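Below are two complexes that have chain A in common, paired first with chain B and then with chain C.
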Partner chain A sequence: MAQGWGLGALINLNHYGHYLQWHVFSISVANLLVIIVMIATFVAALVAPFPGRRNRKGPQ
Partner chain B sequence: MSTDIDRQWTSRLRRSVVAKLPPDKLLPDTQPAYVASWIYVFGVTTMAALGVVIATGCILALDGPQWWHSSSLGHFVNSLHLWSVEIFFFAMVIHLWGKFAMAAWRGGRSLTWVTGAITFMVSILTAFTGYVSQTNFDSQWIATQAKDGINSTGGGAFFNVLNLGQMLMWHIVLLPIGAVLLTVLHVVMVRVKGVVPPIVETVELSA
Partner chain C sequence: MRKKAYRPDVDVPEWKGRYVPYDIIKEGTIALVVVAILTVALAVVFSSPDEKAITIKTWSNADPIDFAKTAVSELDGTSGVAHYGAPYNHGGPAQGLGFLSPEKWVGVRIAINTATDFVLNPLEAQPTQPALHAALTQWASASSTTQSSWTSAYASADAKMTFTGDHVNVPTHAAGPVPVLINDLTMMARSGALDQALVTQNGFYTTNYTKPLLFLSDGTYLAGLANKQHLGGDQWGMMNETGSWPGQAWLWLYTFWYQVSPYNSSKSGDFMVFGTMMVLTALLVAVPFIPGLRSVPRRIKIYRLIWREHYRESED
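Up next, the complex of A and B:
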């Protein structure tokens, strides 16, 4: 079974999802991680320097 | 004096299209300096992901609604389809956050914002109909859960999530056509209006 599934074995996904629960709020760890990565990407897009920005000239 | 030829609808349409969107505005050579930021990359990332979603979806359509469960090529294309959808939504939501933070609907750009927002909703519907079109136990489970919700609204009388044929048609014909047309209109609006200037600049101009 493991043969040909080398990439999938990087993280073992062959189990039920993990969930976090706080009162009526429930979220899977996978979804929470994606949201955290999205927020991190958004912040990085705002602060990371854009290549070639210095010598670029706008039309005005 | 206008001639008959000037008045015919092809001439009038051509003149108004060229006036609204001349070729150098449709495909500009340069952009204002503030566009050199990573936040402007997410619109085109969303578009690129949408392209892969549609291309892989077309491959999945080639051999009917089940073959991808029983072939390694099918698994591969199915995975490409799913993961490009993940990138599509990931990029689209960051794009939305960026445009929200810039208040990018300013200066007569409301149609750009609204077409974006409607594309978002149409994409969610497309994803939902995709989930119930998988032809596996997962899709059966999702459909039997969803029917209770949609039946409680009365919508189930027309939109029957247990009807695989109907869901598949919506998923691979109606909704993708809607999403693509809306995306085209959205991007054409961006070109017509030009990229929105930074907030400080508008405040200075109007002061």
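Up next, the complex of A and C:
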């Protein structure tokens, strides 16, 4: 693990990962979490209002 | 003049509403700052993978018997690299599909003779040692039939191979100079000298690690470490990372093909996966020209969700 200036990570991920298996499909928990965060970000981008939208009138 | 029919998938109606100002510099700056803060914060919290490089020295010290068995397979030309074919040698069939065979077209570009490059040349570069010199001379002066009988005798006894007192022991007396050659190569590897001997000098910087990597790939040590980390080709390894860090999830489709037949059983699996992905990539590039597929965004109407206020106002 990289430890610049003698500092370690606050959360240690330097150990064997956990994997989920279903038939031929296999995915690490870390990858699954990243995919869930990406989907959540995408959904938030769809449904969240545009910043400053209330202060100006949009295209007509 | 005849009016052209409006095609909803490809034609864009002229915007007749009003325009509002948009500061792309401001948005770009905000995005840059947010991403920079996130990068630093995530690096502080999780750090990043930094596995120590695996060398032939590491391998031969961790598992000298696996190294010695692999060295014999390099010497007698039965290893994976010896039978790989192009671009390294003519030892095996090239990957291809029908008349398509890029490996054959390119030919042998990085010529490797495993016996000479991985075993004999590094040993010959060693400082003079009488026993080793005699063994090399005996090997060089023997016919290929005799050499094969020596390596066969050694390989057939290698199930009983032991490593004690810094010496590789194989219970056979019919292997000629092979025990000396393999033992000395193992000692050379354990000292780190073989790593240096195999790195190709292309100038001041030594960056060509082709030979040591190929040698490592023929043993079971590297594959064993990779499998423990779920990095094997049949473990969706392409999208995984060492440790518990997230990996390259975007390579899911590439690695998916390696899990299913016929890709995972064909000797041309790599080429078939490459071909499949090129066809799918071409389809993706051609989406705007494919009737039906190009209508998907218009039909699923996600754009109406994004611009919902606009459509609400328009409908009002």
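Quick notes on this one:
Going forward, the second predicted complex is superposed on the first by the 48 of 60 C-alpha atoms of A that agree within 3 Å, B and C clash if a C-alpha of one lies under 4 Å from a C-alpha of the other, contacts with A are read in each partner's own complex, and residues count from 1 in each chain.
Everything that follows uses one rule, which is that a contact is a pair of C-beta atoms (placed from the backbone, for glycine too) under 8 Å apart; a residue touches a chain by one contact, two chains touch by 3 or more.
The model shown is predicted, which means the values in this text are computed figures rather than measured ones.
When both complexes are overlaid on chain A, the residue A:Val34 reaches chain B and chain C alike.
Once the two complexes are overlaid on the shared chain, A:Tyr16 sits against chain C while remaining clear of chain B. Set side by side, chain B and chain C differ in how many residues of chain A they touch, and the one touching more is C.
Applying the stated contact rule after C-alpha superposition, one finds that A:Ser26 touches chain C and leaves chain B untouched. With both structures placed on the common chain, the touch criterion links A:Leu46 to chain B and to chain C.
Within chain A, the residues touched by chain B in the first complex and by chain C in the second are 34, 46, 53, 56-60. Taken in their complex, chain C has these residues touching chain A: 15, 17-20, 44-50, 228-230, 235-236, 239-241, 243-247, 249, 259-260, 302, 305-306, 309-310, 313.
The residues of chain A lying in touch with chain C in their complex are 1-3, 7-11, 13-19, 24-31, 33-35, 46-47, 53, 56-60.
Those residues of chain A that touch chain B in the complex are listed here as 34, 38, 41-42, 44-46, 48, 50, 52-53, 56-60. Residues of chain B touching chain A in their complex: 30-39, 41-42, 90, 93-94, 97-98.
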